[in-house]
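Per-chain residue numbering starts at 1, and chain names A, B, C and D are given in the order in which the chains are listed.
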Amino acid sequence: MRFAFTEDQVAFADAVRGLLRDQCTPDRVRAVWDGDEPYVRDVWEKLAGMGVVGLTAPASAGGLGMGPLDWVLLFEEAGRVALPAPLVETTAVAIPLLASLGESACVERAASGDGIVAITMADNVDRVAYGASADAVIVCTDDTVRLLGAGDFRVREVVPSVDHAWLLAALDTDAAAGQVVAEGPEAADAIADAYDRGALAAAAELCGLGEHLLAAAVEYATHRKQFGVAIGTYQAIKHHLADVRIALSYARPLVHAAAWHVAEHTPERSTYVSMAKAYASDAAVLASKKALQVHGAIGYTWEYDLQLWMKKAWALAVAWGDADFHRRRVADAVLG
Amino acid sequence: MRFAFTEDQVAFADAVRGLLRDQCTPDRVRAVWDGDEPYVRDVWEKLAGMGVVGLTAPASAGGLGMGPLDWVLLFEEAGRVALPAPLVETTAVAIPLLASLGESACVERAASGDGIVAITMADNVDRVAYGASADAVIVCTDDTVRLLGAGDFRVREVVPSVDHAWLLAALDTDAAAGQVVAEGPEAADAIADAYDRGALAAAAELCGLGEHLLAAAVEYATHRKQFGVAIGTYQAIKHHLADVRIALSYARPLVHAAAWHVAEHTPERSTYVSMAKAYASDAAVLASKKALQVHGAIGYTWEYDLQLWMKKAWALAVAWGDADFHRRRVADAVLG
Amino acid sequence: MDLTWTDEEEAFRAEAREWLARNKPSEPLPSGDTFEGFQANRDWERRLFDGGWAVVSWPREYGGRDASLWEWLIFEEEYYAAGLPQRVAQNGIFLLAPTLFEFGTSAQQDRYLPRMAGVEDLWCQGWSEPDAGSDLAGIKSRAERDESAGGWRLYGQKTWTTRGGLCNRLFGLFRTDPSAERHRGMTYLLVDLEQDGVTVRPLARLDGDGAAFAEVFFDGAFVADDDVLGAVNEGWSVAMATTGSERGLTLRSPGRFTASVDRLVELYRSTPDPDPLARDAVVRAWIDAEAYRLATFETVTRLAGGARMGPESSVNKVFWSEMDVRLNEAALSLLGPEAIFDDTPWMKGFEFALAGPIYAGTNEIQRNVIAERLLGLPRR
Amino acid sequence: MDLTWTDEEEAFRAEAREWLARNKPSEPLPSGDTFEGFQANRDWERRLFDGGWAVVSWPREYGGRDASLWEWLIFEEEYYAAGLPQRVAQNGIFLLAPTLFEFGTSAQQDRYLPRMAGVEDLWCQGWSEPDAGSDLAGIKSRAERDESAGGWRLYGQKTWTTRGGLCNRLFGLFRTDPSAERHRGMTYLLVDLEQDGVTVRPLARLDGDGAAFAEVFFDGAFVADDDVLGAVNEGWSVAMATTGSERGLTLRSPGRFTASVDRLVELYRSTPDPDPLARDAVVRAWIDAEAYRLATFETVTRLAGGARMGPESSVNKVFWSEMDVRLNEAALSLLGPEAIFDDTPWMKGFEFALAGPIYAGTNEIQRNVIAERLLGLPRR
């Protein structure tokens, strides 16, 4: 029993943290919010250069062949800066799915950072995250994995999520378009694993979002004065933020354990992913509400950056299954 | 529209409050807890003398012919002193039930305070509140109201509820014992109304219990000092108790409105009773937990009187349907 | 106790309902907190005024119909049940007007009330400042005496001024006695924003509505003596009457929540195979709204009997603001994966509701008030 | 990261499980917090000691088996999974012993540890006083120097002393420097309760258990110099090591909650037609317990790497104490109308759990610690 990451895993996360802190600044997030670009392309390229984008691809496809224990901390860092880029979709979900099904050309391109791969697990292509900027789209239905190339679909409409940096596209495509990458039980298993990776990566990002929201609220409460004292001296403010600290401190171990279970492909992996996503969703939403309450009116404006993190937390708390959905999944596994 | 009680109704409640404050002191409640007597007989006799016990009986049976708007405030007063006596069972439920079914002898005796009438609405006689000290027991099953006289049952066992002043008796009786007072649809309607009156009276008692628990916690927090100041100066304590104030302040209007709906026999009466019981149960349990937390260790002892109110609140919150049960009943009415 | 409406009240309700049904805009109104949507709201509220429904509880001479508080509640129920939005005139008619009725001279009442009701003047509230939020007594904006002009010159900054960029007038507190501190030495002034020495910078709200707030900067703007409301240096006690209204009855009539909860029930009924947890959240919201409505009836009965709102308005404010958040969360939870989208009425409602625990005195401050003034717990 | 147990650890688990199954009392033990039930618990714990399972993580010379922290966690899981109750020896072995190991002389360790493990001595904690609860630095009990006797004479009162009426020894803080204030001038003393000058008055707990607490009065009782733990006047820092244990890892091992939640799942499965809301409450409790278990694994990994518990023990304490309340409430909610009865395991569990947010530093104090020491928010 050893519940800790390796030095290499921690060092990689530290390096990514440094890069994102320097490169993925709030004004870069704003640029995506304002529609200047669909994701932070320059940051994405730098992440690709570091090996982050393709870390889940096999070495043969230019990747690092890494698993969830190697990447889960990186997603916390992505959450900490509210990274507006398809790290969950492309790196955690699409690349390993295609790689496991032997689809190497697309994997190689995605791993290099040159093109992004979007994925939908719904029965339709009406809400595809990053669908408007993807070179390829994976459509997973029941037990079929279909890969649409750039010529196989057109963007009908872009629907904003509450996180304006995370846009969903409605696509037009033919039912027979693209290429069937896998079918039958093998495909169904691969889809289930892909879903678990998506929920796990989202849970890790939610932890990072929550940590930033907490840190921002602590910072504000330390310097904002009312009645002649910093508002952080008030017990009500202290207890709001202590509650956030507690929620996040118990979400992270669940997320880390879920990463281990997914990495080890244990029979309980989906249950652990669901526990992690449920806890992390609730913790990040709690963090958003308490951070807003501590900031007061200033946090309630469009200009102030707090909303970039809050709204990403709200969107991610719902994406990949909300807390109620995942608790039902745990209940079905544990209670029958 | 006038959401207020009459001067007479308020004056009656004030008189009862005075009587109970003077007569139903914590040491009298303790006496029942300790098993010295099954209920506070002397207080019960004084209440009977004031007309309270029999207030729901018709004048012809020695009562005051009063309805829920006349008695709902009185039950709040009973809750405030944690009255260990069958006011809910006998006065709110049994007497009007028997009176409405034309059973006058038993009503007359009960109204005079000479004997108490217990009632069970379960399918059995295994948990009859005050069954061990009752002269008569009403057994309501589906669409039959049966009245057992003193010779018709024996006490097999007494099972303590968490409120040691509220004992449940397991009785032995024959299926054919006693007298059928009513059968068929008329009985079913009367039973449903009786249940609503029981839940309403319990909700009112819960409000009174909550008010006492809040007042006790305020009193303690005002005088108990730690770190050189009264603990009531701490914002965490203030907010705990403000939350109790808020919960009770919204429970009471629901209870009062439910009394009006029951009095007017409106089609929505059961829904209002359920809203009132759900809110009052939650508010009183919240009050108990916050009062205990504010008191700290002293409140956690058997010696300290706080437990008399807390445990009565816990028992009553479950009796006559817990909050979840009543919310389901509201949902069925409102949402279908 | 009598929880039925009189025949007159039922007739009033029927009249209001019919008028609203006939006259309300055929399409839902855009947000009045945007530069694009404001005028449509103003036009609608003018129509309301022309029909005599803008300020039902005011005297007829100022555009009202002398309605009772009960009738006002009925009107609000009908107004929100018709799907109509919060009024752009609300800060004037609900916050300033009660103070004007109580403290204003008849000249002030005549000058301002009809134009306020007729949305010719739009009023915003100048309370908060960058360093004075919860700590309202910390305001620094000042009014300097200009004896020759017969009035005051304003300097300083207000912020979080609701719809400040759309309003032409502001009511607010300014320091008139430089030697006084905290609650003393402030005066309640009625300010024309359309003059030199006033700069208004709009601020967009969390939900993106661009005209929702503003910062207002004063640099020598003028207020004549006859635009002082109440006595000079007595502004704090004059203003407190208004914040009582803001927290208490008028800002959040129960009709708003019963209408919201009715829409929530509709959403529930139209949701295929709803989760039992969502069912519970919906019924809790329904009970909350009913509790709030009944508690309001109790309050109105007391007010009709001559009582005044006291610190129990803080109980009210905490309750409705947190109920509103839960109500919208129940809807989002019903929406499931669809809860992710922007610009749905429920996401908009959730974002709007999140302001409730912050404005009009944060809920932390309100709970302090409840503990200290209602429960009697010791101040520090 | 490796969330599997080694073969050695699995063997340890199997050995513990088998020993417990063979040796545990055939009937559930009565409450050890009652005068009637105490002896049966003491007998059982003696048997545990004789089998070498009383204090697995201690050195063999004191009755332990040099088990690692991981093995201790495994033992706790097996112990509670076997349905065995909290130990009557716990305040000695979990609270005093860590301090004795760290600050005690070898003579003290030899004198007290084996007798503690063997339940020959039963220790209670003398921290709280009538005026010193949350404000522990407010204690007034004093120890006066008795030079001729080579020790100290105690005066004053302790209270909320767990099982004080059943213990023969007390560890506690006493003022030894009358000129010092607050955290200074206190000494950590090991006191024999079976002597003149000591009066113990038992106090029954909320659930009726009659020996759960006691008040302990001192009037000249003697403590020899070799029963001073750590340095004279340095008691506060010595004691803080113990309160760290109380709040942190040792007082509430995850095995307690995983065992409780397993019983909760059994209750759920045996409940006919359980309510979906109760299902949700049960699964939340299950996830909570798993989160607590995993967070403990993370902590133990850090401790095994040489780290020490810091203020994060306050996070721990708030979490387990509030989880315990919710877990029991979930059970009561499943029981429905049956939740009314006294003396059911779940009502007893609920009542017991309600103490969690109060003792070992109230959760209000813990949240202050989290805010100030973990988050760095300013003290007043």
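Heads up, the rule we're going with is that contacts are C-beta pairs under 8 Å (C-beta built on N, C-alpha and C of every residue); 3 or more make two chains touch, one makes a residue touch a chain.
From a predicted model like this one, the values you see are computed outputs, not experimental measurements.
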Most remote chain, CA-based centroid, reference being chain D: C
Selected pair, greater C-beta contact count between A-B and B-D: B-D
Distance from the mean Cα position of chain B to that of chain A, given in whole angstrom: 53
Chain A and chain C, separation of their C-alpha mean positions in angstrom: 39
Contacts with 2+ other chains: residues of chain B: 234-237, 239
Per-residue overlap in chain C, given as positions that touch at least 2 other chains: 277, 280, 364, 367
Complex contacts: residues of chain C adjacent to chain D: 276-277, 280
Residue numbers on chain D that touch chain A, as the complex places them: 1-6, 9, 70, 265, 268-269, 279-280, 282-284, 286-288, 290-292, 294-295, 297-298, 300-302, 305, 312, 315, 318-319, 364, 366-368, 370-372, 374-380
Complex contacts: residues of chain B adjacent to chain A: 234-236, 239
Touching residues on chain B, where the partner in the complex is chain C: 1-6, 69, 214, 218, 221-222, 229-230, 232-233, 235, 237-239, 241-243, 245-246, 249-251, 253-254, 256-257, 259-261, 264, 275, 278-279, 327, 330-331, 334-336
Residue ranges of chain B touching chain D (in the complex, touch as defined): 159-162, 164, 168, 225-227, 231, 234, 236-237, 289, 292-293, 296-297, 299-303, 307, 314-315, 318-319, 322, 324-325, 328
